[in-house]
C-alpha cells in the first residue's frame, strides 16, 4: 500500500521536476516546482519525518515558491525571448553528462546498499519533539550557526533591495 | 532535558568577531539622522578592525594549548588557530583597503562591515568544523555574505553580474557538496568526521561522497574545472573584497579539506592521485590563461587559480609535510596577494558605470611616478612568481619539497615548470612599471591614503619577513601539522 | 515500508533533472528554481537515509538545508532583481560583460 | 678577519639600497661616490680575505666556512646562508670587485650621457648604479655561496641584473628585445640548474639533509655505483646551465644581442664576470665532473667548437662591440676547453686574464663609441689613432693580450690551456691552435680598421675627440693588468729557465681546491716548443691582419713611411693575401654566415619564439573558453563532477 502511494508520489515529483525544466513560461515552472515540493512533503511523512514534512510545506511551498512567483510576476515581461535551438549542442552535451552523472551516483548507491534495505527508524522518530530535542542538544552548534546564516541573509536582503542612490560626486569621472 | 555543556573558550575568537559584527550593525542606528560620511565610515571600520585584532589576540593566546572541542563539531586545535590567524590577517588587510575605497561608492558602511565580519566568522568556523552539517552551514555563511559583498557596488553593472554568476554557480556547487555529505552519511550513518574516519567503507559510496565534496571544495578553491566563476567574480567585485576573499576563502577551504581528507584516509591512494591531476590541471590552466590578460585584476584572478593549484600539491603530499607547507603558503599568499591587490586598487580609475578596471597599462612608468610603490609592487609580483628570497619562493619550495618527500616527483616538476611560465606575466607588469615612461594610459589614484599605505606596508614587511624567517616559522606550523596528523 | 533504494534513486533522478535544467535553461529565475530542486532532492536523500540508519542526523541536516535554501532564495532573488532592474533581462546569456 | 667576510656582501647591498631610496635626491656626484665606494670597500675586503686565507692552519685545507644565518630548516633538511671562503672563491671575488671597481669608475663618467648622446637624467643615472651594485652583490653571492641553493639565488640574481641592464635603453625596441632574448634563453639554462640541484639532493644530499658543497662532495666517497653513474645526467644538466650563462653552444645566441646594453655593462657583466659563472660553477663542482668522464669530454668539445665558431664569426663582423662579443664567446670556449680537459686552474687563470683585457677592450670601444656619437661600424672609422692616441694604445694593448702576443697576459693563460689540451687530445689542440690564429687575426683587424689608415667617414672623424680623464685614466689600470697579469701564471718550464721554483703562483694558490685532480706533464722541451708554436701562430695572425687590411685600405702616411723598405715585399704579398682571402676568408665567411644564420636566426630563434607563441596561443584559447556565459560555466562544473566521479571509481 505505502509502496503504491510512494510510486504515485514519485511520478508526481518527477512530473513536477520535468515541468520546471521544460516549461516555456516561468509561471508554469514555478507551479511545477510547487507540485514537486508538495509531493516530496508527503514522501517525508511516509519516511517518518512528520516534522520535516510540515516544514517542507510551510517553507518551500508556502514561502519559497510564493517568493518565486512574486518575482516572476514582477519582472515577467522582462524575460528575454526563449530562443530555441541556439544551444542545441550544449544542451545535448549537458543532458549526456547529466545522464552519466545519474548512472554513476545510482551505481554507487546500489552497490553499497543492498536492494530493499529495510529501514530501522521508529514510527515517531521524526516527531516535532524528537527533532526539536535533537536540534537543541546534539545539534545545537549547526542550529545556532544557521541563525547566524539567517542574519547574513537578512543583511544581504537589506543591502540588495535598498534603492541605490549614487553620490553627488559620482559625476566626477 | 539537559542542555549540553558548551565550552565557549573553543570559539572565543569567533564570538569576538560576531559581537563586533553586531556592534557594527547597530552603529547604523546610533545617530541615524547623521548623514553617512567618510568620517563615520572610518569610525565603523575602526571598530571592526579592533574586533579583528582582539580576535587575533585571542587566537594567539590559545596557540600551543591542547585541542578542545564542542560536541565534536567545532574544534580548537593549533591548526584551527593558525587558520583563524590567516583569515583575520587577510580580513584586516582587506578592511584597510576598504577604508577609503568604500566611501567612494556606497553609503551603507555598517552593512558592509557587518557582512564582512560575518564572512570572516564563516571562514573561521569552516576551518574549525569537524562535522559535515556544521561545515556546510559555515560554508554557506561565508558564501552568502560574499555573494552580497561581490555585488555591493550597486551602481556598477559588472558588480551585479559578478554577484549573479557567483551566486548561481555557488548554489549549484553547494548542491553537489551536500549531496556528497549525504552520501557519506549514507555510508557511515554519521556526519561526524571522526565517525566517518572509523566507519567509512572505502567503497564506491565513500568515493562518490568524497568526489562530490571535492566538487564543493573545488568550487571555493577555484580548482579547474570548477574555477570558471573566478575571473569574472574577482574582476567584478570591489577590489578590497576580491583581495580578502581570494585569501580567506582559500584558507578556510584548504583547512577544511585537510580535515575531511584525513577522515577519508582509507582511500588515500585514490584521492591523492585525483588531487594530483586536479593540481596539474589547475596550475597549468591558470597560468596559461593569465598570460593573455590585459586587466590586472583578471590576471591576478587567474594567478590565484594557479596558486590554488600549487597549494593542491601540498594537499596531495599529505597530512604532515603537506599541511605545514600549505599553511606556510597561505600566510605568504595572504601577504603577497593582498599586497598586490592593494597596489592594483590604487591603479583603478574612479567611475561608476563601467568596469572600473585597472589595465596592465595603468602601471606604465609607475617607477618614475612613485618609485617606492613600484618597488613594493615588484616585490609582491616577484614573490608571487616565486623569486628567492621572498616569501613566495619559500612557500613553493616547501610545497615542492613536501611533494618530493612523499614521492610525487613528477608533480613537483610540473609545479616548477608552471612557476617558470608564470614568471612571464608577473615580469611583464614589472617591466612595464620600470622600463616604460608614463603615458596617457597610466593612472594612479592619489593621494595614497594612510590606511592603504599601512596595508601595503604590512603586506610588504610580511612578504620580506616570511622570506627571512621562513625556517623558524615553518617549524612552528609543522608542530601544528604534526599534532593534527597525529590526532 | 518503502525500500530506501527507491527513495534514493528517485532523489538522484530529481537531482539530475535539476542539474540538467541548470545547464539547458537560460532564464536566471528558472536556473535558480532548478538549484532549489537539487537541494530538495538532497533533502529527500537525507531523510531516507535517516530512516535507514534510525538516527536523526539526516533529518537535522535536511532541516538546516531548508534554512540555507530559504536564505539563498532571499539573497538570490534580490540579486536577480537588482540585475533585471539594471539590464531589463534575466536571460543569463545576455549578462556577459565579464569574460576572457 | 675572515669572520668579518660578510662585509664584502654588505657594502654593495648598502650601496644599492642607499642609491635606490635616496639616489634621486643625492644627485649624480654623491650617487657615483656611494656606488664606487661600496665596490672599492668590497675589493679591500676581498684583498684582506686573500691575505687572511694564507694564515689559516694547514688542517683547514685552505677553506673557511662562515655561517651567517640559518636559512631553511625543514625537517631534516637544512640550508644555511653561509660563505665558503677558499682560494677559488677569493680569486673570483678579487676579479669581480677589482675589475668591477675600475668599470664603476669608468661608468661614473660614461653614463653621464645616454645612448643618444643627450645628458642622462639624474634619476636614471642613480638607477644604473643601483643595478650595477646589485649585480656585484649577486655575483659575490654566487661565487661565495657554500651551497647549491644559495648559488642558485646568485645565479638568478645576476640574470635579473643582466636583464635589467641589457634593457636599460628600454625605449629602443632592439634593447628591449635583447633583454627578453637573454632572459628566455637563460631560463632554459636555469631550469637545468634547478633540476640538477634537485637531482643532486636525491642522489647525495638526502642523507646529510644538506645542499652544501662540502656535504655533497663528502657523500661522493660512499656513493654507490648507481649514484655515480647517475652523475652523468646531473653533470649534463649542470653543463646546460653553464652553457646558458656562459653563452656556449647551443645557448650562446643571447650574448651578441646583449651588447644593446650600455658599454660598462657589456664590459662588467657580459665579458668579465657574469658570463664566466658557468666556468666557475664547473670548477666549483669538479668533483662531480671528475666522476663523469663522458660529460667532461662533451664540455671540452663544446668549448673547442664554440671557440672556433665564434672566432670565425668575429672575423666577418663590422660592429666593434659585436666583434668583442663573439670574441668573448670564443674566449669562454677556451675556458670550457680548459675545464673540460681537467685543467681547472688553467681555466681560472684564463678567466682572470680575460676579465682584465676584455674589460679593457670593451671600455676602450666604449670610448670610441662616445667619441663617434654612438657609431660602432669599423668600416666607417679609420685613422682614429691621431684623434684618440691614449684610447688607441689601450685598445692595442687589449687586442694584443687577446691575440696572445707573446709575454702578455692572454698569451700565458691561453698557452697553458693549449698545453694541457695537447696532452689529452690532439684534435682539440689543433682546433684550439687554429682558433688562436683566428683570434690574432680578428683582433688586429679591429685595431687596424678602427685606428689605422685614413678616415673613411670624414664627418665622423671630424667630430671624434679623446675622452675625458675620468674615462681614460681607469683603463690604464686594466692595461697594466693586461700586460703583466700573466706573470702570476708562468709555467714551471719557463720559470725553470730563470731558476724560479713554483713560478706558477696562481696554480700554487688554487692547489688546495684542486688537490684531488692530478694532471700529466710533458718534458720541458715539449712545453717550450708548444710555447713557441703558440707565439708563432699569434704573430702570424697579427701579420696577416696587417697585410690584409692595412694594405687594402691604402697606406696611411705614418704606416707608409714605416713600411717603405718592405714595400716590394708587401706588394709581392698582395697576391698571397688574395689567395688567403679566396682560400681561407671566403670559406670561413661562408661557414660563419652559415653558423650565424642557422643557429642564431633560424634554429634557436625559432624554438624560442615558437615555444613562446604556442604558449600564448594556448593561453588565448583557454581565456576564450571563458565566454562569460553562466551556462557554460555550469557545464564545466558538471564535466568536473562526472570526471571526478569516474576517475575516483576507476582508480579506487
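Per-chain numbering from 1; labels A, B, C and D assigned in written order.
Going forward, contacts are C-beta pairs under 8 Å (C-beta built on N, C-alpha and C of every residue); 3 or more make two chains touch, one makes a residue touch a chain.
Given the structure is predicted, the values throughout are model-derived calculations rather than measurements.
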For this session: Have a look at A-C versus C-D and report the one with more C-beta pairs in contact.
Result: A-C
Exercise. Can you give the whole-Å distance between the Cα centres of subunit C and subunit D?
Worked result: 66
Problem set entry | Averaged-CA centre spacing for the pair subunit C and subunit A, given as whole angstrom | 5
Problem set entry | For subunit B paired with subunit D, centre-to-centre distance based on mean C-alpha positions, whole Å | 45
Problem set entry | Whole-Å separation of chain centres (CA-atom averages), subunit A against subunit D | 71
Exercise. What are the residue numbers in subunit D that touch two or more other chains?
Worked result: 623, 626, 628, 630-632, 634-635, 638-639, 641, 645, 649
Exercise. Hey, what residues on subunit C touch two or more of the other chains?
Worked result: 8, 15, 18-19, 22-24, 26, 28, 31-32, 52-53, 57, 60, 64, 68, 71-72, 75, 79-80, 82, 92, 95-100
For this session: Going through subunit B residue by residue, note those that touch at least 2 other chains and give them in order.
Result: 133, 136-137, 140, 144, 147-148, 151, 154, 164-165, 168, 172, 179, 183, 186, 204, 207-208, 231-232, 292-293
Exercise. What graph shape do the protein chains here make by touch: line, ring, star, complete or other?
Worked result: complete
Seminar exercise, completed: Contacts from subunit A onto subunit B in the complex sit at residues 104-105, 107-109, 111-113, 133, 136-142, 145-146, 148-149, 151-153, 155-156, 158-160, 162, 164-167, 170, 172-173
Exercise. Which residues of subunit B touch subunit C in their complex?
Worked result: 132-133, 136-137, 140, 144, 147-148, 151, 154, 157-158, 160-165, 167-168, 171-172, 174-175, 178-179, 181-183, 185-186, 189-191, 231-232, 235-236, 292-293, 298, 355
Seminar exercise, completed: Listed in rising order, the residues of subunit A that touch subunit C in the complex are 2-3, 6, 10, 13-14, 17-18, 20-21, 26, 29-30, 33, 36-37, 40, 43-44, 46-49, 51-52, 55-56, 59-60, 63-64, 67-68, 71-72, 74-75, 78-83, 87, 90-91, 94-95, 97-99, 101-102, 105-106, 109-110, 113, 115-122, 125-126, 130-131, 134-135, 138-139, 142-143, 146, 149-150, 152-154, 156-157, 160-161
Seminar exercise, completed: Listed in rising order, subunit D residues that touch subunit C in their complex are 623-624, 626-631, 634-635, 638
Exercise. Which bits of subunit C are touching subunit B when the two form their complex?
Worked result: 8, 15, 18-19, 22, 28, 31-32, 35, 38-39, 42, 45-46, 49, 52-53, 55, 57-58, 60-61, 64-65, 68, 71-72, 75-76, 79-80, 82-83, 86-87, 92, 95-100
